[in-house]
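Listed after this line are the structures, all set down as structure tokens.
You will see chain A twice below: alongside chain B first, and alongside chain C after that.
Take a look at the complex of A and B:
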């Protein structure tokens, strides 16, 4: 047994007496001017504990120092309508939306990219754990998770390592928490080779009166740390890992990855919910990035401003940890609660019931200072806002990329398009069987969708849907989207395309979109061209949300996603939340019966730039992304809503990557019901060729199937609302997909092509 | 009729089992792993999940939980007991049903709508079925591979203790495609798939008729209610 560390730490007195002592601020990720500013704030050099706190809290990951000036747009570009149902907006652990009937939904998406490359299993697992704790801290019961994943080239040997690790990490952690995984997306592209993206989303449900905010109010109230013990894992995860780029030959940084224990988190969920239910806590803050440093300084900043902590009371997994390491540790499954003294016994009874280890660390004070002692000696004495709120803000240089005009000029319109029936058939099969358009069930079959018994839709439908209220059937739907290729061509438009697609994916389920959360994944903010991409994407998203009048409720920024000096494509993952008054009205993405008419809503333009077709057939990225018309998207969503209210839509599926061809193939494979499709009227009305009709990625388009007897009603609905509509086919009892004058394929052929890409690389899909 | 559902710290499908009990017309009673009290329930369900984290063999520690002493006692007296997934693992570890479980042969967690054949329609949890009925029940597990020594296998096959068999696909490498078994008396039944997730239209497995429409799990609960009605 190692002797516990009681060795004297660097005290405040000592710091004042030794101003000249050299401090390792650079190794902790602080710039020299940041270090000098800390000295100025304190009027002395920081103690080593204070330096540890400032270094993690002023990291890019925690402080948003490069993104803050841009993110303000999400708060300023709003309307009364956008604020109306927003119970909690940006800046808290997660946004909260009123969904009616006294219910509220909280959701947020967050990145865990860098740890997931180093140690894919634990990185992805703890990504799920972290976002779920954010949801709990709002007083909500977590009810669903989903993930937006980006991996490297599917044929690169290292990709399988990351895919296996990430998927099993998400599967292990999410399944053990008892949370259904209801959707998400997976893309493969070599730009993510050494920098995969793992964006985890969680949704929680609460009654209005159960809403809690994390703050430390009430002088004399106890500060309690509970959950897992503090260990040496994840030290500097935020400051070192998430705020720097990987470089070849650099240190492995493995100790900065946290290790997760889902059982501990599951118990913590139930324990926290019981604490909230019995009204035994004033507030609960989760410990994520920057651990105790973050929780204490944020709780104090959001409350009465003062806190006193005795750090040696923290229960440790490893008794040799130093005070600085304890402050920085990102050990998982920990929470910090503010408890009034008279409720402390009740609090302790609940944590005992759940066998959750707990220690009272200190109390709320009115000193305006966060004071932390270590075995009776003061090692931290700071104004908490200087740590948690008033960190540095950078106005980073922004530069219009030197390469983008040439990229935009290189349109896919010059690429050879197939004209013969056999070439068209061949290309449909190549697209359906390409990595990004392939069936993802090898991944999703490893996730539990059933647990909690409220899942109304999950993959492969366009959005996940969950029942909130068993009496009324009230529910929510969520979808995430981002097309990095479009964003590379134009980040402003790309961000709006992501918003439009996620919005449409929610609308096709029958739900009404109400709110947005985003996870903005970009390269290094120190690269002015990346900052330009970032600034354009944020502006595009904020303008788009304003135009559609749905608020951004929170999210996360992940910079430094690059290897060497090659940044990833800008990848602003947009999650849209929708509400449906009864999940029994949900719309699946494919048809279940034969003899339904298939309609294409929207018009098809010659928009192949950045498309899956250009990538798969020509390995080409250039030109301008598809035009986005947000007003049309809203009109389309309204149309679907009213059609669904009249119960005349039996399926609806969004057209996006891969265009009409992909949507039709997914439509027939969803329930194994065939179709006959004709392209002639699209070609004639929209003035396009067959290849464009099949592969264009024009926006504002959905295919719906309508029972024959509702045909007149449906056509009247579209005409009345002035939305372009064409009958393009019928569903068919034959086990084939026939695209007239182009090809006929059996569903088995299509299924094999669609399912083989992942299984060929990663192993069999059981029972598929 | 009151049917108890035991909650362990890591139980995940306990509320789902309670809902299924409610849908079948009985009254669910929440039971706690740390108690020595079955609250006089007429039948007991051990739900799915990860009882105490399952760091050791799944269900191994849970089989020594305080409440398990009462469950074993009740089972021996003939009270209907149903173990689902993690509950199967616990009942096997507690020797109330034969066999044991290892990691799935393919080493992955697997969730799928699984076709099963009812091999024995005389147990307390299957008497509402006909022998050889084919049903669809969702399954989801990582440690679901049923194993037993050859003697045990021969014995349970011979005595009709194999209650469910996987059809079409053996999803985890279980010996003899065994999905569920019973004790000799037939009052204790345990299976890997989750009947509680096939009890409510709209939230069950897909069937050839319509998506999420499968409610084959209802008959498990109806079977127990029939038995209890005749006691």
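Take a look at the complex of A and C:
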């Protein structure tokens, strides 16, 4: 065993006495003006510990310095209705929504992109662990997870490495925690080749009275660190995540990745829930990026403003860690709580019961300063808000991309469309068997879906649904969406398309959309064209949420996503949360009985720009994305809700990527019930050709199946609400899908085409 | 036949959940003298014919690139045993 470091650290007194000492601020990711500002705030040079804290907390990842001015729109573009059910909004660990009956749901989506490229398994695993701790720190029990994933070209040899690592990392951590993974989405595109996206979402459930917040109030209250010991993992990870590029290397020789332990996290969940139940904590915060630096400065900023910590009391896994490294460590499975002195014994009894290691680090003060001592010497003395809240904010240059007009002018309308029956058949098969439209069960079958016994819907349904209250059946539904290709063509409209699709995916389950969380993945904010994409996407999303009157409750921004110098397509992943009175009333996504009528709701326009068809058949990206009509989306959601209340809808499935052809194939494959479809009336009413009817990605469209006896009622409902509707087919007991005058295919043929792409590249797995 | 033994350990700075679990089990059994356990991997690669420096270098390279994940693990030793065993 090595001996503990006792060499004295850089103290505040020492810093004041040696103003001229050179400090490695640049290696820590700070710009010169930022460093000078720290000196100005402190009135002296920072100690090395203070420099460590400022550098991680002022990184893009922790400070949102490039995105903050834009994100304010999510708070300002709101209405009374949007705020009504919002118990906790942006800025806390996760948003909390009142879902009725004394219940609340908290959810958030967060990125773990860069670590998942360096070390896919641990990167993705700790991504799940981190978002789950955000949920715990609100006082909620985590009940479900979900992931939005983007990988490189499915045929690139490195893609398999990342896919295998990420998927097993997610399944390992989530399955060990005993949380169902209820869906998400996966796309392959070469723009994500050296920069996959791993956006992890978690949902938690709590009673209203269990709500907890991250603040340190009450002078004399104890600051307690509990959970795993602090080690050398992920040091500098926070700044590396958001520094210019991660090949630039970290500030130290320490590894930039962390290793997670889901079993320790499971114990931590149960321990925290018992602490909440016995009312033993005043404030709580999880330790994620920037570790103790973040937890102490944020808790103090949100509370009475002062805190005193004795850093040597932190329990270490590696006794050689320096004070600076302890401040920056991103060791997983740690929490920080504020506990009153009277309740400390009770607190310690609970953590002992769960065998969770705990140390009392210090207490809340009224000095307005965050003071950290190291073996009796003061190494940090700062105003906490300067670290956690009032970091630098950049008004980055924004430039209209030079290439975008040419891209928008290059419409897919010039591409050859299939006209013969055999070409149409061939293209339907190529699309359903393409990487992005293929069945993703190779991935989702590696996840536990029904653990905890409350899952009502999961992959391949449009949204995941979980029961909250076993008595009443009250539940929630969640869906995530983002089409990077549409966002590349028009980030404003692309963000609204993501919102519209996630909204529709929740609505087709029978739930009512109530809130949004977003994970905004973009290239470098120092690139003015990327900043333009970002500003347009945020504006589009904020305007869209205002129009639909559902609030953004929180989320995360991830910049510097690029392969080489090429930024990823803007990928604002939108997660929509919906509420349903009784999960027993959910709407399935596939056809279950023969003889039901199949209706297409909404109209089909010649909208093939940016479509899956343009990509798969012509390798083309150009033109303008489909038009979004948010009012129509709301009307459609209302119609589905009302129809479901009347019990006249037996299934509903959203049309999106791949258009009607993809939706029909998914409809028949869901439960193996065939169908006969005719396109003639769509072609006639909407003035489009067969290829457009099959492959257009026009929005506001859903296919529903309706029992024969409810036909009149259903038609009356659509007419009464003025929503365009056409009967386009019937479900059929034959094991075939017939598209009249185009082709007939057996379900086996379709299933093989739809399922083989992932197993062919990544090998066999259970049930795939 | 000679055998080349490669040992790989999780990086010292990183958490080793397996080792931690075993250390916890030792403590529960009352074995209080043991303060830490770390668990690594041992590869025994049997060679056809004699081991020369070139082959050993090849195994060292394989150890770095294939037997271990350099992001989270270190190769701690590569050595030959049983080289004179017939």
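Going forward, the second predicted complex is superposed on the first by the 755 of 768 C-alpha atoms of A that agree within 3 Å, B and C clash if a C-alpha of one lies under 4 Å from a C-alpha of the other, contacts with A are read in each partner's own complex, and residues count from 1 in each chain.
Everything that follows uses one rule, which is that a contact is a pair of C-beta atoms (placed from the backbone, for glycine too) under 8 Å apart; a residue touches a chain by one contact, two chains touch by 3 or more.
Note that the structure is predicted; figures quoted are calculated from it, not measured.
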item	value
Partners on chain A (chain B, chain C) - clash or fit	fit
Chain B or chain C, by number of chain A residues touched	B
Touching partner for A:317 - first (chain B), second (chain C), both, neither	second
First (chain B), second (chain C), both or neither touched by A:55	neither
Which of chain B and chain C A:168 touches, first, second, both or neither	first
Which superposed partner A:452 touches (first chain B, second chain C, both, neither)	first
Partner chain in contact with A:228 - chain B first, chain C second, else both or neither	second
Touched partner set for A:527, first chain B, second chain C, both or neither	neither
Superposition-derived angle with apex at the Cα centre of chain A and sides reaching chain B and chain C, degrees in steps of 10	60
Which of chain B and chain C A:263 touches, first, second, both or neither	both
Least Cα gap, in Å, left between chain B and chain C after the two complexes are fitted on chain A	5
Doubly contacted residues of chain A, that is, touched by chain B and again by chain C	261, 263-264, 355
Parts of chain C lying in touch with chain A, wherever the complex brings them together	10-17, 20-21, 24, 35-36, 69, 71-72
Partner chain C, residues of chain A touching it in the complex	1, 118-119, 122, 228, 231-233, 235, 254-255, 257-261, 263-264, 317-318, 331-332, 355
Touching residues (chain side chain A, partner chain B) in the complex	168, 171-172, 175-178, 261-264, 266-267, 270, 354-355, 445-456, 467, 470, 583-584, 588, 592, 671, 763-764, 766-767
Partner chain A, residues of chain B touching it in the complex	9-13, 15-16, 19, 48-50, 52-55, 106, 108-112, 114, 138, 140, 142, 168-169, 171-172, 194, 196-197, 200, 202-203, 206, 210-212
